[in-house]
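Once you scroll down, you'll see the structures, which are given as structure tokens.
In what comes next, chain A is part of two complexes: it sits with chain B in the first one and with chain C in the second one.
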Partner chain A sequence: MERHQNRYNSILLITLLKYYFLKETRTPRNNVVVHRRRKSKSYRLSYRSGLGAADSRLGWSPALTARRLNTSRKAAGISNIAERVDPGQLALLVKTEWQLSYVTPLHQFRHTQLKSYARQLSAFIAAGKQQGLAVEVEGLQTTFRVSFSLVQGMTQSDEDAESVLVQIHSKRLFARQDEPQKPVWSGWLTCINGNPDYLRALPKDFVCLPLFGCSGADGLSALVKSWFQQSFDCCFGLLEISHTSLQWLMALWTNCHAESGIQHLKMIWTLPAAPPLQVTYTVDPEDAWELWSSVRKGKGGGGGGEEEEEAGENYIDIEEVTSFMQGLKSHFYRHFRLDLSAGSLNQVSTALGSAKYSGRMKISNSRYMITTLTLLTECALLKMPI
Partner chain B sequence: MDDSAKRLLQRLMRRIPTPTLRSALEKWGRLTTEQQKSMDFTQSKWALTERLLGICEENELAVKQLTDLEMIHVIDNPDQGMWYAFQLMDPEDDAKSVDLTQFKEQFKSHLRELVRNVSIKMKKHTDEAVWIRIAWGDTFSRPNHLKPTYIVHYLQTPYVFVTSITSKQKPLLSQALVLSTRYQAIKDANLSGRKLTAIRDLLMKKYQQVFPTKYPIPPPENNQTISTFVLLFIDQHIEKEQAELAANRLQMACEAFGGGMLPQLQSAVYKLETKFRDHSNKTMTEREEPFRCVVKFTSTNLLESFRHCASSGIASTPVTPLLSCIPLKGRNYFLITDNGPGPSSQRGQPQV
Partner chain C sequence: TICPNPPHMKITAKPFVSVLVFFPLEAGTPVNGNDEVERNMVLVEKLAYSKGLSPEAISIMLEFAMSLRMGTSLCARVLKCLIPATLVPQEAVVRAVVWLSVGKIPVSTQILFIKWVLTVFDMIDAKDQLRAVYGFIFNFVTEENLCPFICHLLYLLTRKESVVSCSMLILFPQGRQPFLLSLLSLYKVFCPEMVMLSIPSRIKSGFRNHNMPWKSALIAVQKGAGPHVAAGISPASTTIKTNPRKRKRCHLELPVMTSVVSKEAQTEPSSCGKVVPLVQLHSFAQLLENMHRIELPAQMGSLLGSSLALQYLDCVQDESALLRLNFWLGYALHEEFLFCGDRGASQNSQEALPFLDRLLSTQHFLQEGFSCSEAFLYKFLNVWDGSLLRPQILGLLSNIPVVPSAQIRQLLFEPLMQLFFTSSLFFKCGLMECLNNMLLKWLTWHSVYALEDDLDISLNSHTSINMTLSGFKDSVMELVDFVGRLASLGLQLEGCHSLLLSFVLDFYETVCDMFMKYGLPLVVMPPPGVFYPALFATDPVSVDRLAYIMHRWGLFTSCFDNAAMHVQAFHISRQMVREFNHYIIVMVNCLWNSKMFQLDMGLSLGEDLLLKSKVPQYWASFDLVHHPAFMSYAVDFHHRVMLAWRKDMDLNSIKDSKPWSWYLEFLVSQGYDGLKQFVQSNIGRQQLPADEG
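Let's look at the complex of A and B:
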């Protein structure tokens, strides 16, 4: 009798375990959330055989794919980006809200062939329009003029590829020559401070520009992405800015308050009540700065920011970032007895920029563009399927 | 019809959506049956406006009659625009005995004394509410009917709700109200919102109140289907304990926010200027200046969200006075400082 009981128990246990494991593998895993740490890597290859054939040559080591977001990063120093990048291009990049995606490495992309790419994309869009793909047109006679330009001066290391800016202008049939044409769609590809091990391990034919931002009609975005996918055998995916990355942006921006006032630190949380409760938590900039300085482990900060932070020595650790966030949450809890951790952080914004969980991002001040883009490049690289 | 009347009519037609237009015109009663029938409500707004303009010219209607139509529309659709609540303070002895006629006469005469050119329209609605429409002018100009102020006052209560008023007009209105209602002062109730019905119900407590009782509200039916495998392992004691805790939370949530349907308040703003106190952060705790921040809560039904937070455990129970103050005091703007309670401030939380 006892033996039957034991056997029954063990069968039950096995069935239980199988149920849970099967359940886990049955749930579709598409986007890997950045802060989930995975020991085993069984990512699905979601692009075509072009890259698959190269797989054998890549020789990925487990260390590369077990990457996590950096736990420590350089504090934003004064960046002389305004001197290095063409101001016209810089003006196009700031003050617009971009929808971010990650892109897998581009096969046989040549920075020297930009004019030819512009022509090809133009033809592709015209063909797409003819086929009746959803493109918002101002009039039936609208044609599109595409331009690809090189944005020089943004790269930070030797491994970074030069950034590319894509713009689509609509050509009205009877437009005057001197009318300044605002692009109806813009997008850019960039790689700032990309992980050097990853970049060096890529085969020669591939160019890595993992971060893609676009702004404009959805139909045009889809067309541009499919042209890239077709021409360079790459894959696009939505880049969600995770909770950790949003916290990093908060800390990095607050850290700049001494040099350029952030004017406010605003966080938008959503709590899962029925109906959903939105909490907009705006902190006075001076107080945010003081709180941030108090959690920095005895490095700089305080004294009204008279000391310049020496580039290369001032690093921010993840613990400081989490303490900062914890301080803000506990102040909130002390008053409302509502735990913000029960909800999700949707948006962070200061006068320097804003970032949303859905992957929308805006940079309002070009001085801190490099730091923000470094963080986002890292997020994009972590999303690479292999 | 003169220009100002035409403009008023056009503005009205832009404001009134077509579905409600038919009933508004019927209530207005200025159209003959044939004219009413001749209005084709399937046409575009522009066409309807033209037709109505023609009818008004036929009937020789002027601004006075058009303002009636506007008032009818606003009374039937009060949940638009931003409404601000005010409270009258320190009643005189005869404040309670002010009746409708007296109030109307007094208000009109006092306001006309204060403002040279003003157009006042008063109407009593079914639920004891007096609706007042004011078009402001001054010594040199005629009343501006394109930017009227609407006021709702519930007789026998000290509550007044106002929409679309400028800071210059406010003291004039306050003076007239105070004198005509036989109170001594009027103050800002720190309550505002888009839905008049919501802020009125909140302020006048027209929703189900829940009081502490020996018999708590039973928890809602548990709809979750528990996997048969897991059921084998659930201890009945744990289930009972959790149910008791849930019932407790629900009771406290309802005591704080009310039971049943709650007024659809949509936002609450807290301006916090309290000191930062956290054991783990010495530097900030020792700081003298307050930590300034502004917290805004928004939801399609704020009180419902809060009640759900409290009953599900997202908010710790007992509910903090900061949140339960919203229904208790009927306000949704708070300035919280560390000092004792003042006219518009509240005591900060004691150190945990």
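Let's look at the complex of A and C:
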């Protein structure tokens, strides 16, 4: 009996370790899945077609190539996004903290139908608010006006679909004509530098905008999501910003310090003590920059502005990010005798933006928005079920 | 007459019919002391609170209550137990509203009724007739006690037309209660010119939720009924959408099947003229009739809820439709089992179990696995503990299509190996069974479709990448090898447990028939780690099955001799033939010739060691007489037959030629057909056991 007990313990431990591993790398498999599925499909296809039966069966799925977070990415260069994107829209994107979700590809979504979508969604919200049992009658005196708009100038590659911005304004029933409408909810769908293989493999009637951010009342978010689900047969799931992604963001932001000061580099860690210990670790921007430069030295990329001309080829590797983190951790250890590796990174923030493990994210400087959104698009695509 | 109550009435699967017979009674039946009524009421209440009432039952009961056939006390009691299981028929509500105006119903009961309507408002199947009697309902506004509730009901029913048509500016002597203001504010929105009152731009919410008497019961019934209702065959059976705010994680709920007409109507108004939404089809005949113009539902996930829709899916050729279904299904699986980690431990099984069962039965129905469940499994196997929903996960696993040999190791074998060696005997058996089913499905699939093409050419006609026959064979080979390794080690770990051995032999029964039954020219012998435990098993069934398997292989190799044309395709190596012959020799020598431990048998033990063991006639200890699995039969046979001849107990005497053949017949009569076939195919009739001594 005791022997069994012991064995169970060890099994439990193994499972936990494995799980931890999976969460870290999220999808440990690389491109093998893809080819395999394609193959088995075509095997089937060739047989099937001989029978004259259905040409495509349940086995279809798009080719997914990179099923792992990139280990190297372009450093944030100054982008001229401010010149291309409508300033009003940009201001909205930048000033708000967004709750992120991933979205499976939208079926039959048309960028040309945005006006009609706005009408349908406001009708849907009105209907949702009128339901007797499900929703309280609170707030009935207001109605909602929905607007859909295209965010032009955001896309980075030809495969990216244009981003869409959804805004909901409240309109009080007995408001005077000139009373301004109050924005109560906004959200957007975007795809920045999405994996081209994945996007190309999707059939034409799907539009892939995998990253969804929203801000506003939860009730409205739920209504909007369920309208999207019913209209375009897609699914929404919470997008957490993983430990690794948070570290990437730290490195990418710190790397920009020379051009626009990050003011501070703040991390919040949770350590598994009883009771749980929360550590807020703020680093002076100059120190962070020095550490980062020393890590970058080896690459020859160096710090400062001297390599402005080669910014095009300025890539950061995961090794650099890891050693940057290692440097920060060992510094902390020297002072406080606490090894942060034992804990988990929950939140990072600089003057350029902030991100939380729970999936809340804020971009404070539009110049580096594209880099951040590229990373997040990648995270969202990794969450796709197929 | 007092209740004509059928005596056979009891709570069964379909209790409604019998119970409800009694309710449309004539007026004036006494209530007090009427035990029958009491009993029936209890029955109905029990049903209502456990499963909810069907639409017909709601109709009958509501009519019964509101007509006051049995007085006012029963009326309230009935109202309190009107928990709808699915929908509330609109007609019933309209009729009940009409009863309201008859005026015999006490005010408290009237209020109770309106509250009930408000509570189930979303479940009323249509609202058009109710709106048609808008003016009629409006009249009740003047009743002081009813007014708040009537206002709320009107609020829910109001359309622009109703405001205009009623032209009801008579209105509201009672003052400016919040509920009146709320209703008025709505009117003002629709027809600002008709409401002269100035209404403050911010009013407190005028209506309260009145669902108290039914709330908890409704939630309970809906929770219980969710999967039950969805299991209905008709695609029209709508599941009740539970409030998303009450359940945080609702990704396992099937979406309600709805047509996309509303969307299409606005985008492409001309195109939706002739299509028939799947929702509107109720029978297979209808499905066939409209096959060419069926419109898929807005959310493909809803197809899983109806077998009729699955029939359609089975022959639909729409790539994106399947992709949509795969996206939804994959999303649900990922969210439930992979992403949920931190967000509250799995309250699983409760919802996951029926969900997976449904997915499995769908896959069985379609005779194919979904690619999303495959992709999900490759990830999930790495984190699975081997016990969570084991039958379902193994079921899904056995459905996955052929995995190319280059990836099979990483995707399948590595995670399975870890699970296998760290899990109980029970899991090991389950996994063996699962892998056997997987192999069976692959082979069946091959035998169905491979006939289409020539055997060893590339099976592709128009796609760029394809799996060739040899690719398929490689995969099967990998799988069989893998199971061989698992089985060898597993048997060793579990002390050659006969249950595990039985599952392993199941697998090899499939393997030995790969050519005979499924036309796949491939021969794989079991590894020694399976062969010897089976040969030396203590239960006769295992030995018998091993003999059967070797017999089938014998058939195959003879086949192989004859059909020279297949030789190329077979890839049978000399090594394989040698292995087979070796096994046959071992078996014959062991069971038949009593020549264990001869030098050429591969089982070499030092002579001195054998002598030291002091086993008498060790070379004969595994023949059919002394084999531990058959010893009891030998003794039995000896008692029955041999004792007639000789007084003493001497099992060796069975080996004389006559008793030996009788003994074999005796064994066959005990049902050991495998042995019989093995002997017939491998040992000449005239051959006798070697006389040793």
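Everything that follows uses one rule, which is that the second predicted complex is superposed on the first by the 294 of 386 C-alpha atoms of A that agree within 3 Å, B and C clash if a C-alpha of one lies under 4 Å from a C-alpha of the other, contacts with A are read in each partner's own complex, and residues count from 1 in each chain.
As a convention for this text, a residue touches a chain if its C-beta (ideal position, glycine included) is under 8 Å from a C-beta of that chain, and two chains touch if they have at least 3 such contacts.
Quick caveat: nothing in here was measured; it's all calculated off a predicted structure.
Chemist: Using the touch definition from the top, say if A:Pro105 reaches chain B (first), chain C (second), both or neither.
Modeler: Only chain C is touched by A:Pro105; chain B is not.
Chemist: Between chain B and chain C, whom does A:Leu114 touch in the aligned arrangement: first, second, both, or neither?
Modeler: In the superposed model, A:Leu114 contacts neither chain B nor chain C.
Chemist: Tell me which partner A:Ala217 touches in the superposition: chain B (first), chain C (second), both or neither.
Modeler: In the superposed model, A:Ala217 contacts neither chain B nor chain C.
Chemist: If you count the residues of chain A that each partner touches, which comes out higher, chain B or chain C?
Modeler: The partner that reaches more residues of chain A in the superposed model: C.
Chemist: According to the stated criteria, A:Ile81 is in contact with first (chain B), second (chain C), both, or neither; which is it?
Modeler: After superposing on A, A:Ile81 lies clear of both chain B and chain C.
Chemist: Between chain B (first) and chain C (second), which does A:Gly237 come into contact with in this model arrangement: first, second, both, or neither?
Modeler: A:Gly237: touches chain C, not chain B.
Chemist: Overlap of the chain B and chain C footprints on chain A, residue-wise?
Modeler: Shared contact residues on chain A: 15, 19.
Chemist: Going by the contact rule set out above, which residues of chain A touch chain B in the complex?
Modeler: Those residues of chain A that touch chain B are 15-16, 19, 271-284, 287, 290-291, 293-295, 323, 326-327, 330-332, 334-339, 342-343.
Chemist: For the complex, give me every residue of chain B touching chain A.
Modeler: 229, 270, 272, 274, 276-278, 280-281, 283-284, 287, 289, 291-302, 304-306, 308-309, 312, 314-316, 319-320, 322-323, 336, 348-349, 352
Chemist: List the residues on chain C that touch chain A in their complex, please.
Modeler: Touching chain A: residues 118-122, 152, 155-156, 182, 185, 188-189, 199-203, 205-207, 209, 211, 241, 243-245, 251, 255, 258, 262-263, 266-267, 298-301, 314-320, 322-335, 338-339, 341, 343, 366, 368-372, 374-376, 378-379, 382-383, 385, 401-404, 406-407, 410-411, 418, 422-423, 448-450, 452-453, 459-467, 471-472 of chain C.
Chemist: Over in the complex, which chain A residues touch chain C? Could you list them?
Modeler: 7, 10-12, 14-15, 18-19, 21-23, 27-29, 32-33, 35-51, 54-62, 104-105, 107, 110, 113, 116, 119-120, 130-134, 136-141, 143, 172-175, 202-203, 205-206, 219, 222, 226, 229-231, 233-235, 237-238, 383-386
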